[in-house]
Every structure is written in structure tokens, then in C-alpha cells.
Amino acid sequence: MSEIKKLVNDKLKVADELLDGLVEAYDGECKRVGTRSIVRSDIPDGKVALLVGGGSGHEPIYHGLVGRNLADGAACGDIFAAPSPDIVFEATQAVNRGNGVLYLYGNYAGDVMNFDMGAELAEEEGIDVRTVLIWDDACSAAPDNKKDRRGVAGLVPIVKLAGAASQGAKTLDELVATAKKAVLQTRSVGVSMSPGSIPATGNPTFEIEEDKIGLGMGIHGEPGVKEIPMTTADELTPMMLDLVFEDFEKDEEVEALKKGDEIIFFVNSLGSTTMMECLICLRKAKEILDAKGIVVYDTIVGPLVTCQEMAGISFSITRLDGELKKLWDMPCESVCYSKMEG
Amino acid sequence: MSEIKKLVNDKLKVADELLDGLVEAYDGECKRVGTRSIVRSDIPDGKVALLVGGGSGHEPIYHGLVGRNLADGAACGDIFAAPSPDIVFEATQAVNRGNGVLYLYGNYAGDVMNFDMGAELAEEEGIDVRTVLIWDDACSAAPDNKKDRRGVAGLVPIVKLAGAASQGAKTLDELVATAKKAVLQTRSVGVSMSPGSIPATGNPTFEIEEDKIGLGMGIHGEPGVKEIPMTTADELTPMMLDLVFEDFEKDEEVEALKKGDEIIFFVNSLGSTTMMECLICLRKAKEILDAKGIVVYDTIVGPLVTCQEMAGISFSITRLDGELKKLWDMPCESVCYSKMEG
Amino acid sequence: MAKENLSAEEVKAMLLHVADRIIEAEPELTDADRNLGDGDHGLGMQRGMNAVKEKLEGADFESVDKAFGAAGMAMISSMGGASGAIFGTVFRSGGKALAGKENFGAEELAQLLQAAVEGVMERGGAKPGDKTMIDALHPAAEKGKEVAGGPLVEALDAVAAAAEAGKEASKAMVATMGRAKTLGERSVGHPDAGAVSISIILRAMHEYVAS
Amino acid sequence: MAKENLSAEEVKAMLLHVADRIIEAEPELTDADRNLGDGDHGLGMQRGMNAVKEKLEGADFESVDKAFGAAGMAMISSMGGASGAIFGTVFRSGGKALAGKENFGAEELAQLLQAAVEGVMERGGAKPGDKTMIDALHPAAEKGKEVAGGPLVEALDAVAAAAEAGKEASKAMVATMGRAKTLGERSVGHPDAGAVSISIILRAMHEYVAS
């Protein structure tokens, strides 16, 4: 494959330049602080703050989830690399309003190390920090081994819910509890058909055979459960959903999905997979969910958690209870995800 | 290039299956009617109706713009083909609430012929129909030859504004006037780096050399002003913006863009061009707009007007006046574009 | 012996034969559109002609115009796109010009073709030389006027030949309308796909009348 | 003659030499990470070591731990990612173990390496055999304890050799941590990029002391 034509300038500065662009996309609602963070301009005093973040290159997340009734800030790493502790610390200082800061991000070794170091720096300054890790990728480890699970597209509903909760949360503990519930009730399964490319080098992020699909692959191309022959939307969709259902069943910390459960259903494109394909898969998924009596309270569809021009798709399910449903109804606005009230 | 792996079923039914999926994405807010249309479930009696539409394959538009405070319905053709007059007529009947229907769609020969025939059928049934064509592509014909201009990404702000206007419009004439104003104040310029593929055949939608960019190309790969060597985001962005500025200048029906003008600025990806690239171009564009004293009232960024996995980008500018600004502030929600109030 | 002054029933049979011929020609039409356009013309025409067959088979028409009109409407509804409107208009506008007629001879053929070319030009805005099906349809209509006084079978042979010559001439033209616009100068050297369709349609009409 | 019991000023000079060597080795590290990971290790280490140079040049340190600590912080801040945390921790945790010391000899080298390996394992959760830089750092630390009683130049030669052997041994391992996870079994046959870096760092320290 010849090198993909990308509209960039200095290949080593893409993470910085895209963040500048992101700030512009917010038309004054957000500003850039420190080395590479973006924070809302008008965080009210006393607000329990929500900080997200991770490597760049997966736009519109994570930094695109800073917004109205969403995250207060994001600490952004270089392409596919965790932000340094300084960046985390700078973002923490910028969002802190004296009532604590929740770090909510995907469970990757590099992110955990750097956010932890950032938290140490923040705590030295007397800022109260708590961490909730996102580990929704059902195919990345067994349910009793969550510390090895990756955070993937489920982060969108999770951050949406935590963002809504953070608006009214009185204490950091309260927000932590809601975020943990959202994480516990969210599972994702992804597949990949072809890699994205690394902006600095043009190299593919992973390799996969022409006629294969990586079932359960991570968003950087981490291996999943197995490679299967390329197939149709209607064959693949039940395979993917079954992996999600199974995981809810096997996980002792959570109940199996059952008739009457209300969920958020999210069909994500990893980049170059078209909306057309997402919608065709959604059609089949809805049929299966309907047959099981699972009620889709709201649907999200689109390329929100990407890895450059990677081809692939993921399904995420978040089960709602009364509290989460109310939080879901709250309107929100950001570059990544927006909705009206209700 | 080997054939792209796409998650579809019957290649000849993708337009129908994706529409089924789209209806599911609306969680009951929309329904499918007739051969291939989608309409809102709760259009109030007496509402002046807004109907959009065109060929499928460009998701999330046009059908993804049906929604709250947006379009009431969409007539959907097969992939890259206009909807038949029957489809247009069925959609017209379904959205009509006795106060007239505005057809608002892109200026392509096939669409015009079929929507016109649909309008003839509707008028035979006593439905009052008016048409406003979208022709925002500055590179598709001279400003004094609008009948040959194509409708491209500018349709998003235009439909957003018309959708908002349709909520309060007392008469079809009133809505026509606002829609015409939105069209008149909107210009787009696109570029393309590589083609999408035709779902039925896997063939590329057009050809372009490895090291070239098609400046001013249309969203199906129609030729633009010229092919230029592949370049950087910072070199290309001013070239594209200059074409937009020039067009506002040369067009006798509209004033040149000047200091203090307030605009909606939309950076669209044609499909596989990443958000990263869009944001890097946005950063440069904002610098140029700032230098000219043009005020960006709101920014849109993302893959909203696509052609499968085509690589390319476009800028659209819509100049707002007091009326359009108020309409812009109205919240809206759809699969293609959503925003909160304000 | 060749047929003359076709009844509505015979016009229907002729249109069914046209439909079969176009359906058979799908690969050829697909190919022609692949060279210049997006490669979907064969499938579109096939879909349209299957709809024509479904609509016409088992139906009775009181006059010839109704049979042409029904075929046109079937194409418009089932095909969509520019070509549905364009090819549907050929039969729909063509049919309208024969309103109430109970027979179809060389005189009617001339009227049909003239109304068809006018209808298509009005609907789509293209003119001769734009490298569209008009470049086959227009010379056919011109020829139709010349031969309107003779027997139908000869008239059809002549108009089909005129369409075929027009299709050949379209190779040298630069596309300006429709999807082929994408190619501009690069379109030179291939015939227009719609012109191929028109040639096949008229040749099939001749075959039916001659048989 | 080889240097012994380095002053803080000499430790700083040693770290600057290490930085130059790593910066020179960028293509080699990039290559190593390309085989297994995402190919950014060379650029990351280069960025980190440029930051080390910027921070150390012109600075004065009252004790050796401060020089190591400053280098570690420079890497952590400038590199980001897993490797920024990991390699920064080598110097930061290693330095902490030497708090207040004014000289750096074989005994201090042993303490530094032991604290470094513990710090890295605690920070990142990997253990020997996971195909990370630990597979070079851990054998170096073990060797360090053995040679802690001898002259620094010999100790450094020995720990560098141990790291190099560990790097070679990492070729046979299956990656389970970090980005190389992507490859699983396919990672066998190549050394871990971070292990290459550790080998270069320790060899550069030896070069400085030997010169």
C-alpha cells in the first residue's frame, strides 16, 4: 500500500497542532493550558472537576469530550502515547475548583503510570484526586482480571454520564460512585478490518490479512479473541453482540443483560468504516436486541473513537438505572458528542 | 489497490438496509415510509414541512439531518442516485401538514429531475410544494451560472437554519425566503486526495494521481479548478479559503466577506480524512479568518458529508445576519448534527 | 411478414421484447458506463426493464399511448437517478404525443421520437453534443421524420441505424452532463452508455416488428 | 586512568555522555521498536535525552542523587507515554536511593540499579520475562550486587555486559506488556527496544568512567 496522503504540517507536531484546532472548534468555550491540555473556560467555583485524557490520534476523543455537561478538561499525550505527569498535573490545576478532581480514562499501562504520577504531584499541592479506570473492552482479559482490560469506545457513554453527574455532584466521592457504576455497566466489543497509520512514520498500526477480520481487537490493533474470515454485516453482528452478552453473564460483579433492561447502544466506527456500514450493522443489532427484549433507550452512531483511518467497528452497551437515565437525559455539547435535552 | 473490506450484506440493498438502521438510530422519533423515505413521527398539524434528500452513500447526510428542529423528512435514492419521483411524492405526503412543503436539496441533474416530477405528483394531490436548490460549491461553475453549481457540504448549516426556521414559519413563502437566504450566504470549497468506492462494484469513484490533490473537486469526484501537488495543511488551507473569499467577492448577488462579519465555519471530512487533519486545517483557517477580522460564531467539524471512504476535506462558510443567528442558536438533534441551545 | 400499424396489444409485446433485450445487455451497458461513469447504468436499466415487464405483463391497454406511458412510469419509479427520469421520460413523453391512438405505425414512431427527444431535453437540460443518450435519440428522431411515410419495419430499421451512428459519433464527444462529467476530456474515445441503451431499444423494436 | 567515586559534577558529565549516545542511537532504537512496537521509541528517547541535556547543562548539583533525579524528571516530563514514565523512573527511583550522597562508586551503582528495577516494576507492573527493558535492567542489577566491592569501571563493564546479555535473551521472549502486546507470538526473534536502550545507557556510563 502506498503512503496515505495526510493533510498535516510537521509530522512530529500533529498532536500540538490538532489541539490548537480543537480549541478553535470550541469558539472560546475552552482554552489551552500548560504543555498540552484543554480545559473549559468557565468551570464554576466548588465544582467537582472531571478530567479525562490519553494519547492523541484517536480524535474526536478524548479531548473532544471536553464540553458543556461533559468533561472539564483533558490531558493530551502525543500520538498514541500517554500524557506526561506534568501535563496531567497542569490540567489538574486548571480544572480544580477546590472540591476534588476525578481522573477518568482508559486502562493502558502508560496512561496509568503517568496519571498516577500526575496525581502524586497534585496531591503534593493539596488537590484531592481520585481515579476511575475505564476497562470496557470485553475481549482484552477475563472479567475477573479487570486490571488487564483495555478502555475502548465505551468511554463515550461513560464520560457523558460522569460529565452529567459532575454538574450536580456535591463531593468527589459521589462522582466517583457514579463513574464507577457507569464503567461497571459498560461493555464493548470491537473488530478490525484494516489498520490506521502512524502519522510520524506512515507505517500501519498493525497487520492483518486481506481476507480476515480481527474479532475483539483493540483500538490500536491489540489482539482480540481470534481472526475470522471476512464476512457480512449480518453474520458478524450477532458474533460481536454475543461476546458482549457473554461478558455480562460471566462477570460476577454485574447481572446478565435481561428482558426489560434499558441500555445505551453505541455503534462506533474506528475511522474509515463508513456510516453506511455502521447503520447496516445497527439494523441487525437492533433486531437481536429487540428479540431479547432489551430496550434501547438511546442510540449513538459514528466515528467517535478512532485510530486514524483504521477500518473497524465496535458495539458498546451501557445499562442504565434510574440515576443513569436521568443523567443521560441531560443535554450536552462538545466536538465529539452532543445531544438535546431528553 | 485490493478491494476494501466492507461490512455489508447484499451489495445491491445497502441503501435500504442503511435506512433501516438509520430509523433505529432515532429510537422511535422517526419512521420509514413508502419505498425509501424517513420522516419524523410527530410533525405537528399545520407545520410548514421541510423535506430534504438525495442519493444515499454520503451518510450521515441527507437522511441523517431529519431530526428535532431540523428536517421533517428525507427522500432517499439508491447509492449516489437521486430518489425516484415516487419516493419524493411518498415523502411529501408523509410530511405534509396542510401548510406546504419545502424541498431543499443539492443541485444535481438527477435530483432536480426527480424532485420536480415528485412535485408534479404532489401538486396533483393539492399539496403546495416549493423548491430551493443548494449550490454552495464555489468551484463547480461561475457565480453568474448558479444553475450549474453543485450542492456540497454547505448543506449542513443550510438545512440546520432552514430546519430551525421551519419550526416557527407561518407560511411556505416565509420558509422559502429564509432557506434562500441561507443558500445565498453559504459557499464551500473542497479538495480530494483519494476516492471512495462504489459499494455495488468496489470500484473507485474517480481516479487521482498518488502525489496530487484535486482542488475544488465535488463530493463524487467531479473535477474542480485544478490538480495541485500534494502539500501541507498550512499551504492548502489558505488556497481553499481564498477560493471561498474570491467567490463571495465576485458574486454580484452577495457582498464580499468583510471585517466584523459573523459566520458559521464548517470543516468537513469526506470520509477517511481524520479528525486530526480537520483540526489541523481548522487551526490554520482560524488564523486566517482572525487576521481578516471575520468572526466565527460557531464551528462545525467532522465527517458529515462523505462519499464512502473518500479522503478529502472541505470548508464551508455561512454568513449570518440577525435572523440567521437566532435560528442558529436553536438547539437541534439528529444523527448528523446536534447542538444545545445557544 | 413484418408487422404494420401495431395494436396496443402488439405495442405491449414490442415493449416486452425491448425489456428482454435490455436485460440481456446488462453487461454491455455496465461496461459502457464503467468507462465513463460509475458503472451502474446496466443494473439501473435492468431494474427498470424488470419493472416494465412486471407492469405490462397481464395488463390491457385501450390505446398505444397507455402502453408506452405505463412503461415510462415503471422505469421512472423503479430506477431513480438521472437515468430513471431520462429513460422514463422517453416513453412517457413519447407516449403522451400519441394520446388515444389505437395503432402505431411509422407516422406514430416519428411523433413518439420527436416528443421523446423534446421531453428529455426539457427534463434534463442537455442538448445534442453533450455526450448523452440524446446523441442517439436526436438523430433517430430526425431520421424518423424522413421515413414517416413508409412502412413501420423500414422506418424502425432506419431510426435504429441512425441511433447506432449517433452512438458511434458520441465516442468523439466530451462529456459535460451527468456523472460522466467527472472525467471531462478523459471521456473521449468511449460511447455514452445511455446512447448504447437507446440503440438497443430501437433495434429491439425493429426486431419485434420484423419478426 | 579510569574514574572512581564520581563527584556530582562527574555524574552530570556522565549523564550528558549517556544522553549523547542515546541521541546518536536514535535510528537503532527506532528500528528495534519498529520490529515489535510502533516505531517511536528512538524518537521518544531522543526527545527525553535532549531534555536531559537542556536541564543538566549549566546546572550545579550538591549531591549525586540530584543529578540522577533531574535527569529522570526531564525524561518523564518531556517524553510522556509508558516509556517516559519507565525510563524516567530508572533515574528518579535510582537517584532517590542515593539521597545526599556526594560520590558515586560501585556500591552506589548497585544501589541505583536495585532501586531502579524496583521502581520500574512497581510503576509499570511488568516482571522479568515480560519482554521489556526489565529484562536488561534486572540482570544488570543482580550483577551490580556481585561487583559492588570492586572498582566502578569494572562494575560498570560487568553490569553493561549483563544488560547486553539480557537484551539478547529478550529476543526469545513473547511480549506481554506495552504496545508490543499487539504482536504476541510474532514478537519472538527481536530484542525489546527498551532493553536496547538500557544496554546503551549502561555501556555509555562505562565509557565515560573508563575514559
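A, B, C and D are the chain letters, set down in written order, and residue numbers restart from 1 in every chain.
Just so it is clear, a contact is a pair of C-beta atoms (placed from the backbone, for glycine too) under 8 Å apart; a residue touches a chain by one contact, two chains touch by 3 or more.
Source: prediction; values computed, not measured.
Engineer: By label order, what chains touch chain C and chain D together?
Structural biologist: Where chain C and chain D might share a partner, there is none at all.
Engineer: Taking CA centroids for every chain, report which one is farthest away from chain D.
Structural biologist: C
Engineer: For chain A and chain C, what's the span in angstrom between their mean Cα positions?
Structural biologist: About 55 Å separates the centre of chain A from that of chain C.
Engineer: Report the inter-centroid distance (CA atoms only) between chain A and chain D in whole Å.
Structural biologist: Computed from C-alpha means, the inter-chain centre distance equals 33 Å.
Engineer: Two or more other chains in contact with one residue: find those residues in chain A.
Structural biologist: none
Engineer: Enumerate the residues of chain D that touch no fewer than two other chains.
Structural biologist: Expected reply: no residues.
Engineer: Quick one: label the inter-chain contact graph as line, ring, star, complete or other.
Structural biologist: Topology of the interface graph: linear, an open chain of contacts.
Engineer: What are all the chain pairs that meet the touch criterion?
Structural biologist: Contact pairs between chains: A-B, A-D, B-C.
Engineer: Okay, in this complex, where on chain A does chain D touch?
Structural biologist: 12, 55, 77-87, 108-110, 113-114, 116-117, 198, 200-201, 203, 205-206, 218, 220-223
Engineer: Of all residues in chain C, which touch chain B in the complex?
Structural biologist: Within the complex, chain C contacts chain B at residues 34, 38-40, 43-44, 76-86, 123-125, 177-179, 181-182, 184.
Engineer: What residues on chain A touch chain B, complex-wise?
Structural biologist: 1-2, 4-9, 14, 17-22, 24-27, 56-57, 59-60, 64, 68, 193-194, 199, 210, 213, 230, 232-234, 236, 271-283, 286, 296-299, 301-303, 306, 308-309, 311, 313, 331-333, 335, 338-341
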